[in-house]
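As structure tokens, here come the structures.
One chain, chain A, links the two complexes that follow: it is found with chain B in the first and with chain C in the second.
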Partner chain A sequence: MKSKKQWLTAPGLLVLLVFAVAPLFIMLYYSFLSDSGAGFTLDNYKVFFQKSFYLSLTWSTIKNSIYVTLISLIIAYPLAYIMAKKLKGIKNIILILIIIPFFTNQLVRVYSWLIFLQDGGIFDAFLNSVSIIEGSLSLLYTRKAVIIGLVHAFFPYMVITIYLALEKVDNALLEASSSLGATKLETFRRITLPLSRPGILSGILLVFVPCLGTFVEPRILGGVNGTVIGTVIEDQFFEIYGWNFGASIAFILLAMVLISMNVLNYLGREK
Partner chain B sequence: MATVRLENLTKKYGENTVLDGISLEIPEGTLVSLLGPSGCGKTTTLRLIAGFEQADGGDIYIDNQRVNDIKVHQRNIGMVFQSYALFPHMTVWDNVAYGLKQRKLSKKEIDSRVKDVLKLVQLEGYEARKPKQLSGGQQQRVALARALVIQPKILLLDESLSALDKKLRVEMQVELRRILDASGITALFVTHDQEEALTLSDYIVVMDRGTIVQVGKPYEVYEAPKNRFVASFLGKSNFFEGVIKEKNDIVIILETSFGEMPLATSSPREVGEAALYSIRPEKIKLEATDKNSAAESISGVVKFVTYAGNISSYTIDCNGLQVIAESQNAVGEFQFKEGDLVFLCWEPQFCLLMEDEVKK
Partner chain C sequence: MKKSGIISKAFVIFALIYLYTPIVVLMVMSFNSSRYNQMPFDFSFKWYQDLFQNNVLIQAAINSIWIAAVTGVICVILATLLVLGSQALSGRLKNSVQTFMLMPLTIPWLIIGLSILLMIRALDFEKNLFFVLAGHTVISLPYSVLVLQARMQSMDPALEEASASLGANVMTTFRRITLPVLAPAMVAGGFLSFMISFDNFVLSYFLMPSGFSTLPIEIQSSIKFGFTPEINAVSTIIIGISLLCLAIVGLIMGSSIKSLFGKKEV
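For the complex of A and B:
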């Protein structure tokens, strides 16, 4: 019986092997190839760590991802809390509104931000009309624009993971806490927040990790100011044809992803 | 420890009146149970006392202080939830200490009180466990300890034993009684299990559709149910409904839809009045010959005999009316068999007049 059931995993494993693991090994192979064609070398990795440009690039990529993650968390938590604990009927409508970005084409989403944020665009026009600013904020082609675009792309993951965690927090626990003498704030601090921690951590994972490797938003909304690891890798493959170096950066990125996943796992383990 | 008084308490959810002006006094140091079918408003009553819900009318007094407008966290009430509601991310110790930490007591005081209460509920040695590492009965005791340790004015328990299996439930009933007696606390206990209410409480409050039907000591409510609802919800009863045709001090002749029936009872109702009478199955004695000297007894034919170990239950067809009689299996064999003609005898005081309105 047991071995029969295990066979059922074969098709899935095969797909994984062919489409995920194999390309990974091919890239790994490239990352050690010397450009001169003279066998294997560590040069592709050395270059990355020797040039300060790449190190500061790494740092600003990480910083970008941290900003996006924090902003998403700050927006998402109250929203998820209100949806899970305060709303009944319209909750589903809000959920759908939050999920819509998942279904829209990435380019459509990004280009609509382009139109929205450009000088004299809708955003400026609105702020001008309510007299908050005069002229233009000149947001487009800055890091701020990249962060706005990325927050929009990724904060739904944060809302949904936190919402699911909060939804599972039994209201009887909150009532028990207040009957034991805790104020609303104390109940939040000692019961709600700790119980939603797994949701927060998986939200952070789902936002921070993909942010590290993204290149569409930085390229389109950030222009020359939007250079991040993702765009550099893309350039290596499609502009400069430096596949070997591109592959090595991709693996350094993968290492960063694995490290951050482990750190988050470590934080999320049960105490 | 305190006296709790409800005056004319009313609660509505939209159009639905869930509590319809209930009044009740819970004396200090007693265990009172709210008994009634599902949906009759028991949980709502507890939630109003705890402060989770606001009353639409009426007042709640604890020690003569009106608490309607006092917030939950300031009411000092212990609640044991049906689901226990233990904090899953905290150990047994932290769960129990939670309320004391909110009260900003010294660490020394907290330690000694938590220790004492864990001893009381016999959970020493389990301090470091998480709730999910405990059995249902143990979780129940943690919930009880957590509510008791804050020395609440009143302890509210919502069907706290109903999630346990039968054997454990009976054990916990005894245990609960011991713990409550030891702490001398005033407690209000919700249950839909009549046996639990009878064995556990000092007073039983029988509720039906948002009203209180009867309040009394367990034996009072059982032996003298006020109406058909109480007589049939708490234990089993036989009912006789009809118009009184003749009467003397110990017997009436009741004109029922199953014909005339002589009932041994001393009823205040007059000839010509309609009335409903009830009698418990175990109060009926079956005889092969009529032993009633004052008048003839009801007679009938045994239809079914059900053997239930300690008792036998006889279903008797009295001219179409099914009457149930139970007797102890004292002799180890059936007294009567199906098809036997039997006479139904009882002491007049056991045949009770019900307060229900009866149409002629």
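For the complex of A and C:
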């Protein structure tokens, strides 16, 4: 009886094999094709690694993700800490309020930033009215706008993973530490921070990794200044029709994603 | 102590303002009669009225809804089978199957979309709705799986054993014990997958046959090719639908919604 039950997984696994795994192999195959139809070649990859444009593109994509991850951490950690340790009754409501926006449509979210940040838009009008600046900040179509949009999209993940880790930290431990004479900072550094480490690492994973593959936010909020690997791949497929080269860049992106996941997993497993 | 309490509250409020301001501005602007989101604010339902006369947007909405509905149903069926079946596995095989079920979460949607596009080309097909549904299913399936797994793990295995030892056959045990326990999670998982598909832009963008669009695609082309003022109203309605789905999932799953995030541990 049990031996039959496991076959229930077959339809789902088949769908994943046919529509998620097989396409990746087809993409790998295309990435080795030459545009001239001369069979297999490493040229697509060579172009990527030899042209400085693509290397600096890779670096700026990684840099973008690092910025977004760091800023998310700076916002998310205190927020999660306050929710887990300081707020009492309302923390569940705040948790829900933080979850809601990232279940809103990606395009709607990006579009709302577009309206908000546009020259002479609400943000400029607000800053003008309180006399912080005059005229316009001209934020839209800069890297800053891309980072603002991406942090907005991803930092809730980090709040939740860190919150779940901090919630498990026993308050008695913190009290014991302070009654043994540790300062608040010491207690934080020696107890709270190490115990919330798994939450921080999952948070980094859930922000950094998806950030590498975005193209919608960089394209719409960054304009020409928002070029990242994702937008270049999109161009290869929709504007330039360099499908084989596009496939090879997509594979390099996938490799970056898998490497960063494994590194973060490895860091999480240590000790 | 008191001072740090005020700083804490201020920080929370600041974060919530950051999260909500653009969305709220968008929703408010959908009721502003100005075409280019200009002030002063002049309340009107004009864009909503226009929206209901805009056939392109209505068709896109219908497409979005039925694609998401079909995706949701397929995902629930596949996820239920996957979760039930993987219970019967053990050891490393079980681990690998469970990791594999969630694999699409780790691959950027851009890459999933492109690779399916390349598969369509390799097979020499035209883009068609079958592949759109397949793509949506691949990315939405893990969410149903997560919800169902969370529910399955909270179920006491003794229930099934008791039923079997009292003489119920496999089908009866499934129908009378397992299914009622899983049913709420099936509904919740279905709505979650519906929402992921309904909101998805990337997969639709790569796989949609020409002349066929969904709401996210309409928003994108409005951004790209020129402004359609009804988009604010459409966006507000989309947010409303997402919130409704989320509320349903939340009501059914209660506090175990948190376990969705706990699952994705490093």
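Everything that follows uses one rule, which is that the second predicted complex is superposed on the first by the 259 of 271 C-alpha atoms of A that agree within 3 Å, B and C clash if a C-alpha of one lies under 4 Å from a C-alpha of the other, contacts with A are read in each partner's own complex, and residues count from 1 in each chain.
Basically, a contact is a pair of C-beta atoms (placed from the backbone, for glycine too) under 8 Å apart; a residue touches a chain by one contact, two chains touch by 3 or more.
Quick caveat: nothing in here was measured; it's all calculated off a predicted structure.
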Practice prompt. Quick one: classify A:Leu195 as touching chain B (first), chain C (second), both or neither.
Written response: first
Item to complete: State whether chain B or chain C is in contact with more residues of chain A in the superposed arrangement.
Response: C
Practice prompt. Considering only the touch criterion stated at the top, classify A:Leu180 as touching first (chain B), second (chain C), both, or neither.
Written response: first
Discussion item. Between chain B and chain C, whom does A:Leu79 touch in the aligned arrangement: first, second, both, or neither?
Written reply: second
Worksheet item: Touching A:Asp170, do we find chain B (first), chain C (second), both, or neither?
Response: first
Worksheet item: First (chain B), second (chain C), both or neither: which does A:Asn265 touch?
Response: second
Worksheet item: Once bound in the complex, which stretches of chain B touch chain A?
Response: 50-52, 71-79, 81, 83, 85-89, 98-99, 102-103, 146-147, 150
Worksheet, complete the sentence: chain B partner, complex, touching residues on chain A are 170, 172-173, 175-183, 186, 190-191, 194-195
Worksheet item: Inside the complex, what are the residues of chain C that reach chain A?
Response: 5, 8, 11-12, 15-16, 18-23, 25-26, 29, 37, 39, 77-79, 81-82, 84-89, 97, 100-101, 103-104, 106-112, 114-119, 121-122, 134-135, 137-138, 141, 170, 195, 198-202, 206, 215-216, 219-220, 223, 231-232, 235, 238-239, 242-243, 245-246, 250, 257-258, 261-262, 264-266
Item to complete: Could you please specify the touching residues of chain A with respect to chain C in the complex?
Response: 1-3, 5-13, 15-16, 18-20, 22-24, 26-27, 29-30, 75, 78-79, 82-83, 86-87, 94-101, 103-109, 111-116, 118, 121-122, 125, 152, 156-157, 160-161, 164, 198, 201-202, 205-206, 209-210, 212-216, 220, 230, 233-234, 237, 243, 246-247, 250, 253-254, 257, 261, 264-265, 267-268
